[in-house]
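Have a look at this one before I ask anything.
The first chain written gets the first letter, and so on, giving A, B, C, D, E and F; residue counts start at 1 in each chain.
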Amino acid sequence: MITWLVDLLTVMLLVVGCFFVFLGSFALVKLTRFFHRIHGPTKASTLGVGCILAASISYHAVHGSGLHPRELLVAVFLFLTAPVAAHLMSRAALSLMDKRPEDPSDPTGPEGHIRDDADERAEKHARERLQPRDGR
Amino acid sequence: MIGIEVDLFIAGGLVVVGIAMLLSLWRLVRGPTAPDRILALDTLYVSTIALLVLFGMYLDTEIYFEVALIIAMLGFFGTVVLSKYVVRRDIVE
Amino acid sequence: MMQHLVLAPILVPLLCGAILLLLERRHSTRVLRIGASIGLAVLLAASLALFARAAGGGIEVYLLGDWPSRIGIVLMLDRLGALMVLVTSLLAIPCLIYACAGWDKRALHFHALFQIQLAGLNGAFLTGDVFNLFVFFEVLLIASYGLLLSGGRGERMKAGMHYVVFNIVASTLFLVALALIYGLLGTLNMAELAVRIREVAAEDAALVRAAMGLLLVVFCAKAALLPMYLWLPETYARAPAAVAALFTIMTKVGLYALLRVTTLMLGDEAGALAGFGRGMLLAFGLVTLLLGGLGVVGALRLRISASYLVLLSAGTLFVAFALAQPGTIAAGLYYLPHSCFAGAAMFMIAHAVQRERGEVGDRLLPQAPPMPRLTGMMYMVAAVSLVGLPPLSGFIGKFLLLAAVPSAHTGAVYAAVLVGSLLALIGLSRTGTRLFWRTTETAQVAPPVAGAPVPRKPRVRKRELFATTLLLGYGLAMSVFAAPVLEYTQMTARQLLAPGDYVREVRAATPAARQP
Amino acid sequence: MEFAIASGIGVLVAAGVYLLLRARTFDVILGLTLLSYATNLLIFSSGRLVVGKPPVLRHGVETTAAYYADPLPQALVLTAIVIAFAMTAVVVVVAMRNHADLHSDHVDGREPGQADNSAPPPA
Amino acid sequence: MLILLLALPFAAALAIALARGASRRTIAWVAAAAPLLGLGLLAWLTPAVMGGAIPAASLPWIPEAGLALSLRLDGLAWMFAGLVLGIGVLIVMYARYYLSEEDCSSRFFSCLLLFMGAMLGVVLAGNLLLLVVFWELTSISSFLLIGFWTHRQDARQGARMALTITGLGGLALLGGVLLIGRVVGSYELDAVLAAGDAIRASAEYPAILALVLAGVFTKSAQFPLHFWLPQAMAAPTPVSAYLHSATMVKAGVFLLARLHPALAGTDLFFYVVTTVGAITLLVGAWYAIFQHDLKGLLAYSTISHLGLITLLFGLSTPMAVVAGVFHILNHATFKASLFMAAGIIDHECGTRDLRRLGNLRRYLPWTAALAIVASLAMAGIPLLNGFLSKEMFFAEALEAGDDRGFRIAISIAALLYGVFGVAYSLRFVHDAFLGSGPRALPVEPHEPPIWMRIPVAVLVVLCLAVGILPALTVEPLLKTAVAGTLGDAAPTFSLAVWHGWNLPLAMSLGGLAGGLAFYFMLRRLFALHDAILRTWGRHLFQVNIEALFTAAGRFTQRVADGGIRRSLFWMIVVTLLVGAAPFLGAPDRLLPDLERSQSMPWLGWILWAVMVASTLGTVAVHGRRLTALIVIGAVGLLVSLAFALLSAPDLALTQLMVEMVTIALMMMALNYLPKQSKQARTPLRRWRDGALSAVAGLGVGGLAYAMMLSPQQTISGEMLARSLPEAYGANVVNVILVDFRGFDTFGEITVFAVAALVVHALLRWARLRPDEVLPGPPVQLPIPADLTQLLFPLALTVSIYLFLRGHNAPGGGFIAGLAIAVPVLIKYVVQGARAVEATFGFDYLRGIAIGLIVATIGGLGSLVFGLPFLTSGHVDLDLPLIGHLPLASALVFDTGVYVVVFAGALLMLSTMGTVRRRQLLEEGGH
Amino acid sequence: MRRRLFPSIPQSLTVFAFWVLMAEDYRPGTLLMAALLAWLMPHIAARLEREFARLGNVWILVPLAMRLMVDIVIANVTVARQVLGPEARLRSRFVWVPLDLTNIHGISALASIITLTPGTLSSELSEDRRHLLVHCLDVDDPQAMIDDIKRRYEAPMLKVFP
């Protein structure tokens, strides 16, 4: 009976977890803007993995080698690092925006357009630098 | 009371996560901006944890704990470095 | 305790390198030099002791970790290994002396890298495990990258790029070959491999052939066999003199490995793979030899010619080893140290020339001041030796080889070796007359004009001079005492061509404290 | 499964070799990286492909090759990975220095049209 | 005794070379002492040789290879040794006064003595290999002597030409000698001479003959390789007199004489040698007539005489051999004296041009008298030695061979030789000493010091003595020499001035008359001939050698142009060929037993698709570096995942960690590389490379597939079985790393450490220019920085866990080292290098050193117990309170690994991260 | 004295817990090792960090964590709807959230919480650390959202990091 209940819990966690993991990636594909997309993986995927870890704990407790709460540590680390990663990525995206949200004095800046690619700028830069040399 | 075939769900979950990785890959290749790609790579790392945990359940083994732990703890290093590069070019200032 | 001596050629320089690295920041160059010299002295002593032991004809097996050879790694001491280790130590001495004339101060971490390079070389010569051979190849390679590039810039970097990339690709190929070998034969111990190759059925041999073929390609690439020698001239020509001198043994590592593998695993008893690759090696070796000679003729810089001389000697050794006769292998093993020593001397001479002539460097332009006579004499000796003119070691090596060539190959080998020598003679005589002969009548007696820059007096650094002389002295000693050397190499060749003893010794070695 | 891994190795090798033959140092480095993945997989597969039998001994399981994957190739790959990393570090730094010293990231240190300033004048 | 004889000149040469600052006088005395003492020794040995004994001596050198320092003094060697030493004394005497103050006499005399020793070695050698050794030594020493006046273009060229041609011959001779040794089984001369029949009968005989004759003909300046000899006249005159008339050029004919019993006696030998000799004879003589350079004339006449001697040995009859040996002697005496006379003229008049000389008998009466007598000897005038050998030659020419036509041809050649010989001798005498002149000399000529004339006089007296009283003077000597040459086949003969009226005498007279007529008739045409008779052989040689230099240079540069791509291309091609070759014969071998293949779940294919797509993606975007790096990161991740799923958690861990560090490394590098650079538009190359890569991929993939499906053999079962009971570890991979194959790991950390050192060495002092610098101050990242604070102790804890547990679970020193290096790196990235290093204060270099030392000591610990390096010990501690604590000593070794990896990774990355920058502005200067 | 021995009790506790959890072993040896590390780690970390967090009322964290977990789950459902629904309907924007927290640890924690709770993503901290730039996926009333954040998360944080 307990096994059955735990299994049920496991399965539910699994379903939810996998759904969110999928959702995170799906958001990546579906949404059109970077700042929309980033919401998907940073939250949904993190939660999804959390659920799957929980499922793993309960599964191992019943079917496997016993209770292994240490899998929680994986979740702890993930929950620690994922927001910071997201923070850094949005910093990166902000640094590439033509028009950044102004400083707090003007808190309502629109979302700027993120320049196409960091590589593009480099290419332009390289081209500019090469030209005078060719001319010489 | 119906017996629950947990293994079936695990196997299904593996495929779902795999498809999620495929989707991330699409964004990774497609871009168009560098942060998009970094995000996609980050997502791939997170999905990998899910995959490993599911696989550990599937095989009924604890052996992937260390791998998952390391990805959870340090997997964002790539994100840190790449983002810093985009922000400053110079990674260590 | 004596059974552990075989470790010394690897561990002594490695520890010495680590200690020198530790001392580096706090202590003067003097301390580092003394430390390096002590390390080298110990290494030499150990090499001599091992050489004396191996000369007796026994094959020593050292089970690392006390595991039986099939599951652990073994070090092997046979005549060939001992010879190579001794040659390395002997070559290292003048190289270190030369570097201590000043280069070691300019190249960061020089002493540590130098010692580790020696450890890598000795490891490659002593290991009895084919994957461990790969590891030591990498040790010696990465140290060589450091030695080549530390303190360098510009063109040397460019050459370094070529060298590094080429070697990484070759190492990758090495791994591919090892993967196939392990996947097909299930062991990495060379002796076990020899046994298993023997048992490969003729109809299954194709895959094993491919695997062994790739392995041979790797060794050929490292030893600069046609058409994989293109990396060599620039690299050697750009390396610092002391390093280029040490590098003369680098191509020999590839040749050593080739000899080891072909005799042990692809010898006459190797069943379906008996004699695999010999014909190709011979043919390509001959052409390499000729192209080396042509390179000497075409070289417009002394260091480039020295590089091509290395190639020429590599070609000669390919021929000697590919012929796989007791006589040719013995001749090749006599020729090998000679070509290391003489080639190294030539690089040192080239460096002296380059420095003396200032801007012109070692290019064959006649308008520079004449070189000191001593340098000229050294060049002469080195050139005579490298061309293979009597009475020096090069001649002896050459005639030993020619005398031992089996009749079936006489024509081709004679023609290639003799034409190669002739080309080298033509090239080196031109180089010598251009660089060392006074080319203007007035150069010697021109009175110093007031106000004109006083011509710099040729600086001959004592240490560099000594190092070069020492190398030439080795060659001279090899000529005078050719008989005992040859006797040793002949016994070595016999040992190599009867790999049964090697295999037996490895399999029979029992751990000290474990179950066999 | 064997086919998948073999074809994966093949694709990695092809991509690696192609990049290796490009003219820019960075492309070459990428190529070397791909090649090292390929070799690592190849060495690994020399122990054959086994799912779910990591060579970490478990209590009560017989210690024979039937229950565990071949550990030796794994150890070899570990060594190979580390060495490949070391080599990558070196080649990356050499590429940096090349670019700094020669003002070109061409593998040969000079742009295709540019004269080779290292060649000596004709004697 | 013989060894002493041989050692004398070498010892003297060494003494002179070492004695810097000795006076010319002393040097000359030492130089003269050697041949004088040598002559003394020779005289002491003479009775024995005359008596038919062959004094011999032998020292072993390389007995296994048949090379011994064996010397033997038979008649031929005795005669030649006398010649070498005797003329040597005279030359030294002459050279003492000939050399000017500026000339470095110690160099000259040491080279001369070196040559003398080499030449003695050639004649005394009792072992053919030894003969080759000395033979080549003569080439080398003559190279140094010809080029003595190094500042002169012609001297340098002449020296190189001589060395090249004679070197070529020497190499050929070596080949020939080795073949002889192969036939005979020994290189000892006695054995070889006794085995003539075997040699002639062997299949190698033509090759042997060709190779040996190549040596002979080059050394003795036979047509068509004769041209080096006139070119060698750039040498100081004593050298020309000694080497190029009396001794070295005779080495060739000496060898012909030496090996006569072994090689002669076949038609091949007969026709080749006589033909070459005859052509040389005529060509040399013809050219000699038209030379304007005094030494040139003598040089060509030497060629002609060498041709004569060669021809005589070619004829091979006993009397021809006698004549040949005799002519060697005669030619040496008159030609050496003539050269010395020419040197005197050059010395006194400042020119050797016959067109400017003339009437010198008035200025140099003594010299003139001596030179005229010597010239007449050269012309073969009766009562002089040249006449005797010429007569013998004519006699032999008339009976040459069995073929009538050939005999007539030889006879005509002999007659022509007589004519030409008289003509050029006349030219020498007439143009130098008689007639009108001299014209426009810089100085008034006068007689040289007496010591320069004495050597000439001695030789001329010898010419006369032999010419007038042959039976008394030279006959015993000649008999001894011939006996040495032919052994038992030596003929009995007696020398006499007068043989009665016979055909040879008529030919002599005819030659004399013809020569007179020829000279005086054609005199007016010399200017014309000057235009016609360019020495085309030399020209051809120089054109060819220049072409060789150019072609070799071009070829070398074109092939090995330093380009990496060609290098790699060829290696790949070779690899593919070698990999494919074994299957060419049996293509079915590539198709393994498919039934062994395992099925692949869906998930596998999905991941496969991700990996393949990201790999191809990397190639597609490789031009955009940042993108490429991100995409390749996915490849790495997928490879790690593959390892994880295929039962290799340790591998997955390592690959992941390394992947992270690699990306960091490349990003740092990317900052100093162009992020994008011009990609060449070379579609052809791309197609070629694409095709090659496709083949490579197919090949490796195919091999991998075939390998995976072949039956497995492995020794890992034993490793699994012994891992726990003997190495005390459950994680067999880690046990392999630190125990079974700990030595690999030992090498691996060395590689890692050195890589860090290399990175440090290359970047420590370098100034690099970033590709792009973004404006503004360093960016502050307070939130990530805060995370690192939290993360570090946890990561360190995890790292220690991974380290300690590695022996039983995935982990170990390497992984643990990176697991702590990466968090520190994150700190570097987030907080900046200065902030980290201010607080962290870890000397990575020392860390590397200490790690290596710890690893080594950890391995050496077992030696104390008499066990081999890296033997792992084990203790089971049963501590109260704590309980059971198993400890494997491999942990010490693994600690070293841990430290090296940590310090190495951080040294690399911190060095790369903190590269010193060069300002962008500086770029303008380049 | 206590600070000398244990520079940071929370850190020590975390390390202890981590070790015991990771080792999955509760024998005395493991606990001893955990205690050793718990003592050692803060000392090592102290070499690297300039300051340790001074904590106020830690117990507040427990209800905060509970609330957070609920919020995360609930809000994820919202995000799921937003992602799966039509994108054009999203009213996304950046919002500068003024901060009362001054302790950087508190700010970091808050930023992480904001990111983990769906719909919001903390993107940048202003130079003076007084404002946090938050990206909102779908928001009508920015001020309401700001108030929400401050009330639900910042207020408890202020108690933990006074």
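Going forward, contacts are C-beta pairs under 8 Å (C-beta built on N, C-alpha and C of every residue); 3 or more make two chains touch, one makes a residue touch a chain.
Values in this document were obtained by computation on a predicted structure and should not be read as measured data.
Please identify each chain that touches chain A as well as chain E.
Common contact partners of chain A and chain E, which must touch each of the two, are B, F.
What's the minimum number of touch steps needed to get from chain A to chain C?
2
Report which of C-D and B-E is connected by more C-beta pairs in contact.
Taking the two pairs in turn, the one with more contacts turns out to be B-E.
Based on mean C-alpha positions, I'd like to know which chain lies farthest from chain F.
Result for the farthest chain: E.
What is the distance, in whole Å, between the centres of chain A and chain F, each centre taken as the mean of its C-alpha atoms?
Each chain reduced to its C-alpha mean, chain A and chain F end up 17 Å apart.
Whole-Å distance, chain A centre to chain D centre, using C-alpha means?
Centre-to-centre distance between chain A and chain D: 29 Å.
Suppose each chain is reduced to the average of its Cα coordinates; what separation in Å results between chain D and chain E?
38
Rounded to the nearest whole Å, what is the centre-to-centre distance of chain A and chain B, using the mean of the C-alpha atoms as each centre?
9
Check each residue of chain B and list the ones that touch at least two other chains.
Expected reply: 19, 21, 31, 34, 38, 40, 61, 63, 69, 73, 75, 80, 82, 84-87.
Could you check chain E for residues that touch two or more other chains and list them?
Only 557, 562-564, 568, 625-627, 629, 645, 649, 670, 674, 677-678, 700, 704, 707-708, 712, 714-715, 719, 740-741, 744, 748, 751, 754-755, 758, 762, 766, 771-772, 781, 783-784, 787, 791, 794, 798, 809-810, 912 qualify.
Where in chain D do residues touch two or more other chains at once?
Where chain D meets two or more other chains at a single residue, that happens at 20, 25, 28, 42, 45-48, 51-52, 54, 56, 72, 76, 79, 83-84, 86-87, 90, 94-95, 97, 107-108, 118.
Considering every pair of chains, which are in touch?
A-B, A-E, A-F, B-D, B-E, C-D, C-E, D-E, E-F
Hey, which residues of chain C end up touching chain D in the complex?
My answer: residues 131, 135, 138, 142, 145, 149, 153-155, 157-158, 160-162, 164-165, 168-169, 171-172, 175-176, 178-180, 182-183, 188, 300-301, 363-365, 434.
Sort out for me which residues of chain D touch chain E in the complex.
Contacts found on chain D: 1-30, 33-34, 37-38, 40-42, 44-58, 63-65, 68-72, 74-79, 81-90, 92-97, 99-100, 103, 105, 107-108, 111-112, 116, 118-119.
Taking the touch rule as given, give the residues of chain E at its contact with chain A in the complex, in rising order.
Going through chain E, the ones touching chain A are 624-627, 674-678, 771-772, 781, 783-784, 787, 790-791, 794, 923.
For the complex, which residues does chain D have touching chain B?
Going by the criterion above, the answer is residues 51-52, 54, 56.
Quick one: which bits of chain F touch chain A in the complex? Just the residue numbers, please.
18, 21-22, 24, 72-73, 75-76, 79-80, 82-84, 87, 90, 92-96, 98, 111-119, 121-124, 126, 130-131, 133, 135, 137, 142
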